[in-house]
Each structure stands twice: as structure tokens, then as C-alpha cells.
Amino acid sequence: MALLHVDFFSDVLGMCMQMDVILPQQTKGQIGMEGKGNKGKIPTLYLLHGMSDDHTIWQRRTSIERYVSDLGIAVVMPTTHLGWYTDMAWGNRYWTFISKELPEICRSFFANLSDRREDTFAAGLSMGGYGAMKLGLSASETFGMAASLSGGLDVATVSGWGKTEEEKRYWQSVFGDLDKVENGSNDLFAEAARLKESGKPLPKLYMWCGTEDFLYEQNVHMKEHLTKLGYELTYEESPGDHQWKYWDEKIQSVLEWIMKNRNN
Amino acid sequence: MALLHVDFFSDVLGMCMQMDVILPQQTKGQIGMEGKGNKGKIPTLYLLHGMSDDHTIWQRRTSIERYVSDLGIAVVMPTTHLGWYTDMAWGNRYWTFISKELPEICRSFFANLSDRREDTFAAGLSMGGYGAMKLGLSASETFGMAASLSGGLDVATVSGWGKTEEEKRYWQSVFGDLDKVENGSNDLFAEAARLKESGKPLPKLYMWCGTEDFLYEQNVHMKEHLTKLGYELTYEESPGDHQWKYWDEKIQSVLEWIMKNRNN
Amino acid sequence: MALLHVDFFSDVLGMCMQMDVILPQQTKGQIGMEGKGNKGKIPTLYLLHGMSDDHTIWQRRTSIERYVSDLGIAVVMPTTHLGWYTDMAWGNRYWTFISKELPEICRSFFANLSDRREDTFAAGLSMGGYGAMKLGLSASETFGMAASLSGGLDVATVSGWGKTEEEKRYWQSVFGDLDKVENGSNDLFAEAARLKESGKPLPKLYMWCGTEDFLYEQNVHMKEHLTKLGYELTYEESPGDHQWKYWDEKIQSVLEWIMKNRNN
Amino acid sequence: MALLHVDFFSDVLGMCMQMDVILPQQTKGQIGMEGKGNKGKIPTLYLLHGMSDDHTIWQRRTSIERYVSDLGIAVVMPTTHLGWYTDMAWGNRYWTFISKELPEICRSFFANLSDRREDTFAAGLSMGGYGAMKLGLSASETFGMAASLSGGLDVATVSGWGKTEEEKRYWQSVFGDLDKVENGSNDLFAEAARLKESGKPLPKLYMWCGTEDFLYEQNVHMKEHLTKLGYELTYEESPGDHQWKYWDEKIQSVLEWIMKNRNN
């Protein structure tokens, strides 16, 4: 495998950005690990960080490069800071960046990346779980599979999230009027229903949440919603709270799920 | 010299951040360049980026590491994204980060960095010129010298900067009510006057602007203001507009000015 | 925690080198992980790579930064390429670099790193297990504890390692005349005996090897040798061969062993 | 432009390696610099370091990324440590790596890089000037243009380069028997003659050397040799010795020469 620390420019955001990228590389001589290449078009996983983290975090908190070393896929790890993968009410247009500009940039730099939706996946933890599901539900023309680990999936409840004035103000900067999030374009429950009705191709979905996680109820709620709508959902839960030791383990389950389901 | 790409965490911002840092290193065997160490407490330059850029930009657009190689100083290159080195009205508390937390973090990681104001300098271009002057004028207890290249120094005029609604909204996210910037804590003209009156130690200041720069008038205005107030200001101007080829040249003048004036 | 990618110069090697460094950082707001600082002198682990790998590998193949996040220690990850942590017969003086120059450089850049041998540890896998044991046995004035995972510990057997002429030539470039390695300064068995006789302080030692590893016999041999000599050795073995999934697990045992035994 | 720090694996060298890569990127919003993309196959410059330096050095000592920002070309900056771009007598097979494996790896990771010899250039300083000329003269099927700045071009004189035994031994580790370098595959004078006779396509060549450089005589000698053989050579000299301030300037001349001559 190759690991690339990339400094590039985003015209959508109007600033220099960073991403970490893992590319498959066929190697013979690496000790303790096999490296498998891919001479065709390379399936790509967009792997998203949570709040407080950035583009480096999956690479630092897990062994993600090792986990994908024999899968022949690429992993793109971007940052959207604290932007919740939205076009912020007061702030940057991270949704446009992540759903449109970033895939174009990646396919331009690394021309072997597949541009088929069947080969384009999103996954993430917490805020990044929300982001991944949003890519699946609101950009399903680009992303064919999406996985959420401990996702913050029900942003319609955001008016209750901020305890202090400063926190409330932060949530407003992301989502605008907190009473109008429900049914808006950032509400995944509504987006799931709208996508289903639209007749467009649906993404395959995966969810995991720890049963002791403060986001557990949201996840159960989303599972029921998606099931009712008829989405192809793989749902898992197990003991655990909001910690990296679980995400290090469960990202391996996500990879297994992707490899098993991507072509059937 | 040593160049360090640093991933760290900011509690003030609540997120992972990056900075590039240059540390002096005594070397004998480097070809084509001398490396000079510093066994005492190391003077430190905080070098700030402009709009559209980030912590990597001085290192990528100039030969800054080479220019400081025989000076025995450290250079800290942080990012504050598009935040204008302010505690944003809607957004992150970049001013608190840059003026308080960052120097503490740097002195904690690199314990040989001097914590004397006489050894602590700020410089930057465009938005970063504003940031550097602000560190000199509004955090003069920490920063003893400040230099602006092509600085956007008169933010009291910000209500005229945005052409589109989106642009206006951006400026509001940074500065709040655009009609109340004047005389506020982000107004460098007002801060310069207040610092002068306070009786606190004043920073030594340096300014350069190209005569064809769209910010030239602001710079002339600031020069006159600072001169009238009695600041120790080195002012230079020469043909040029808003481009890196000038900043690559003029950062060398800034370094000369620092080395010449820092102990007298 | 902070992760630093460091470009520096080695006068001993006469070339630019890289290392990755983890520094403790006290943080409040990181989600999914605690960050613990250290305001005193910081204990330091020098963590060494194996053949085919480099300074990035522990950071890429394991979650080392997360594993040390609440321990208050620093981790220095250098590279010595394919040099077996020796002053090569034909090649670079990596032993002098790793045992002398590198600790000096690290303590100069990061002045809070402890310079006490009780606070200075070495660990590594395979070739790096050899390197770590060598730092413990041949530089015990600097390193108070050393740990080997799947270490290539018996280099006196090196004349049998090369199958092709090219391989033999490689081993000669590292160790010189292959028939004279035994009892020389690169022979850990001899170094262990010599250190014991010298009356100098002995390192605390840790070893793990998988029972299916091709280096298993060497490890058993070394265990018996060290035990006979009276070293304070913690020895573990378990099913496993020469793979990163074991080292990702066992580096956590090494850290536990260090934290438990470092002050008693 | 985009700057990529790449960690990859070389099967030829049997170890993890690094390179820095600059890719063209079309951008609208970068302040102080234009970014020009390239939607076709991208011409590529392999830019080589000198002794004591590595893959990071062009990026750190010059503004190379800025200089190529509007040219629509990629720049690959590899390292071969102290290996003189040779298959070392005692050491690594850097020549095979740089002339064969590296272009393949780059074209695999960045599939838009052109594989035409007319679009593939080499340049370097000092040892890297030797390496670049060697790529032009000994791998002219891959490299269509080559440029040397202050190149160490006459390695047939190497038996006189080492002052100490250690230095002599170093040169032997690179070139083998020092009395047999002349007319061998590392002797550029001989290679230039052999290539001319072979009837294969010849590279376009560029040389610059400072008139106060200790390598000046070698450069004059090479110029005369190439001219006599009928190579298409652009030769420049000017006051200067062996320093980065000259290479920062002259790499811009190299780029001009490439852009002007590459298609005619």
C-alpha cells in the first residue's frame, strides 16, 4: 500500500485543504503484511472523521492501511473540520465539497479511481457516520454504499443538543434555525423517505452502534425507519460506548461488509 | 534546520489542528547551506498565512527554512483557516487560539522556545499581515515585534468588501455586525491608539506593501496613524501587487529587520 | 497527543533523515480518546522498525499513538533503513546514529524529554527487536529498558541467512566477514555476557515471540542465555508467526510492562 | 497545485520509501498565485537531490511548487539517499529503482502522467545533476530531456575524491573498484559516446555550473565532450559556487528551457 498526505486546493471552500489517501500497491517484499495491487479501476472508500477530529484520525487511531492492504481498494480520508458535512448556515459549503468537488478532485489526481457508484463507498464515525449516511442518501448517484459507526443520525433533535449559549450558537452556525432542521435537506430521516419515493437507485447501508453509546437510541430509531422504508440495511449492535477501540474493531466489519456486498 | 509537520489538538477550537515548525539545528555536513543551532532559549517567529492559504503555505511558496537557517530562530506556521485571526462571530475562537493557546502549546512541545516578549515575533501576508499586527497591538505582552506584508489592515472598512450576499454573510460570520467593527477589538487603528494610551510596552513594527496592491491605501493610512501615535515603525513600499514573488523577497527583509532590531 | 513528522539532519550519517515522534498532550475535548500530558521530564520510548520498513511503520500498522495517549510518555520512531542498527561494514554508521546522536537530537528539539536511563526505553520488531536489545545491552548507560518482539536476535548465525550471492553480499555489507560476527560487537549473546561482567547497570528486558515464527528458536535460545546470566527478563510466547496483527497486539503488552516496571 | 507526501514500497530496494510529488491543479481562488491544471496526459519532471539531501529538499530549499504552478506539469522528487543513482557495489540498486521502477510506480499511482519520453524530464543538482544526466544518457528510452545544475559529472575521477580511508570506502561502496569506473556503466562520458553510436534517440540536454564551483572543470569538460559528440546541449555558466541560492534561481531556467524546447 501507499499512504499519501495530500495538500490541495478547494475552490468550493476557497482554501487549502488536506487529505490522507491510501492507494493499493502490489508488493512482494514487505515483511509482516501483504500488499495487493489493482490494475483495473479502483473502488474507493471515503472515510469520514467525527467531531474534534480531522483527515488524519482514521490513520492514527486505527490500522486502516493494514486492514485494506489485500483488498485492492483506495481510501480517501478528507476533513470538513466541525462542519457536519453540511453547507453551513454560517460557514463553509462542506456538503458541496464532500459530495461533488472532492470525488472530482480525487479522480483527477488518481485517474485510476473508479467513478461508478457501485465502486464508491462512504463510511464514518459519529459526525462522520452522519456524513456517510448523507452521502448514501443524498448523493446516491455517486455513492452506492454507506456505513455509519456510532452515527449522530437524528439531527432533527439538534435543538436539544446545546447546553450553553455558545453551543447553541455553534449548532445554529451549522444547521441554521434549529426548529427548521426537521424535514430539511440535512434531516436524514426525511432524505431517506424522499430518496425512496424518487425511484432513484438506493444505496446499500450498514450501521453499528454500541449499546452504551449516548447515540444508541438515534441509531435504533434510524434502523426502524430504514427497515420500514425497505432499504437494504445491515444492522449490528454490541456492548460499547463512544470510543476508538470499538471503531478500530468495527471498521474491519465495515470493510468485510463492503467486500461481500459490493458486487451482488 | 529541522522541519516538523505537527498534528496536535486545540482545546480552544475543539479540534485537531496542524502546524509546520522550523527548529534551528547545528549541522556540519549539509551541502549548499549552513545549519546554525541555538543552545539557549530560542527566539520564535509566528508566521501567518493569508486568505485561501494555510499552515503549509510559507514553506511551499518561499524558501523560508533556508532563509532562517543561520539565524538560530524557530518559525511556527499555524493555520486559522478563513478566520481572520479573530474570535469569529459565527465560528471558531481563532484569536484566543493564536494569541494564547498556541504559544503555550509550542513552548510545551519545544521547551527551549523563549517565552520572553523580546524573543517572540509575528509576521504574515495579507490577512496574515492583519493577524501579525493584531498580535503586536492586542497581545503585546506576548509579542514584542510584528511585521505585515501587504496587510489587510483596515477592517473598519469591511462593510464595503462583500460584493455578493454570500460574501457579506462571510464577513459577518467573521466580524459580526459590519457597522460595529470600527472601534471594536478587531479594529487595529483603535487597538493601536488604546495600546499607546495604556502605557504597556509597545511592539516594534514593520510594514511593506506594493504600490500596485489593492490594499496599498490601507497601508499608507496605517503608516500615518502609527507614526502619529509614535510607534517605532519601519515602513517600506516598492512596485508590486498581491503576489508570492514579492512575499518571497520581502520575508527576507522582515527577517533582516528582526535580527537587526530585536535586541536594541 | 501530538504526532510530529520530523525532517532533520544527521551529521553522523551525513544526510537528511526523517522520524515520527509522538508527544504527550493534555486535552479535554477529544472525542473517543483521552489525551494525558506530562509537565515533568517525559519518559521516552525509541520504537524501531524491522526489515523492509521505516520510521512510519509503527504509526501506520498499529494504533501506537492511541495506546500511549494516557501514559504521559513520548515515542520516537526513527529509521535506519536496512542497516540492522549497526555501523555497517560497507555503509552508514547507523549504530552511532541510533545510540548516540539521535537521543541528543531528540533532547535538543524536545527539551522536556528526560535524559535519565530509567526513563529511556527501546522496543522494536524483528530487525528492530535486535536493535532494541542492542540498545539495552550495548548502550545501557542510555537505555534502561528494552523489549524485543519477534526479534532477529542471533546474528552469529548470519552466515547461513543468505541464499543467493546477492543476499550474502547484503549481509556482508552490514556485518562484514560473516565468520567473525560471533563474539563481535554485533553479537547480542556476547554483549549480554560482557555487560554482565562489566558491573555496569543492567537493563530490564522483555521478549515476545510467536511459536510459529521462523525466529522462534533464536528467541528461546536468547531467553535461556539471559536467564542464565541473571538478567531481569520478562519472557512471553504465544501462537503466532511474523505478522503485524501480532505486533499490534503485543506492543500493548510492551507498554504495560514498561509502565509497571519502570520505577520499581 | 497539489503537493503530495508519498509513503510507498519499493520491491527493487526492498524497503519503504518516500517521495514528494507536485501535481497540476486548476484553481480559481488561490490568492497570490495561479494554479493551472492539465486535462491531458501530464508531462513529468523527475527532480533529483544532491549528497546530504533527500526527497524533501527541492520543496524546502526552493519555491519549486510555485515555479511550476502555471506550467501544467508534474514534479516527482524521489530519494536515493547517498547512492549516486547507481546500483551500488555494496548497497542498494538505486539505478534500477530510479530508471525503471519509480516511473512505473508513479504512472500507476497517478495514471494521468504521460509515459512518452518526450514528456519525461530529469533534472538535479550536484549528485542529482549526475543522476539526471545519467537518466538522459543511459535511460533515453524513458527520459527525453535532462538538466544538470552544478553536476558531479566526471565520476571516472572518483579515485581522487576520498581523502580519508572512510571516504574511499564510501566511494567503493558506490562505484566498486575505483580504478575501473572509467568506461564502465556509471561513466557518463563513456555512456554519452555509446548512446551516440547506438543510433537510439538522443536526449536534449541542459547544463549550468557556477564558475567558482569546485565542479566547474568537470562541467566544462562535459560540455566539450557533448558538443563534440553532437548532442543538442544548452550550456550556461555564471558566477556562483555550490549553494542553494543559485539552484533556486537556476531551476527556473531549467523549467523555461524544458517548456521552450520540449515540443520542438
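The letters A, B, C and D name the chains in turn, as written, and every chain counts its residues from 1.
Everything below uses one rule, namely that a contact is a pair of C-beta atoms (placed from the backbone, for glycine too) under 8 Å apart; a residue touches a chain by one contact, two chains touch by 3 or more.
What you are looking at is a predicted structure, and each value in this text was computed from that prediction instead of being measured.
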Contact-richer chain pair (by C-beta pairs counted) among A-B and B-C: B-C
Selected pair, out of A-C, B-D or B-C, that shares over half of its residue contact pairs with A-D: B-C
Length of the line joining the C-alpha centres of subunit A and subunit B, rounded to whole Å: 36
Mean-CA-position distance for subunit C and subunit B (Å): 41
Multi-chain contact residues (two or more partners), subunit D: 3, 5, 7, 9, 14-15, 29-30, 51-53, 56, 60
Residue ranges of subunit C touching subunit A (in the complex, touch as defined): 3, 29-33, 50-53, 56, 59-63, 65-66, 125-126, 242-245, 247-248
Interface residues, subunit D side, partner subunit C - complex: 5, 7, 9, 14-18, 51-54, 56-57, 60, 81-82, 90-92, 169, 172-173
Of all residues in subunit D, those that touch subunit A in their complex: 1-9, 11, 14-15, 23, 25, 27-30, 35, 37, 105, 108-112
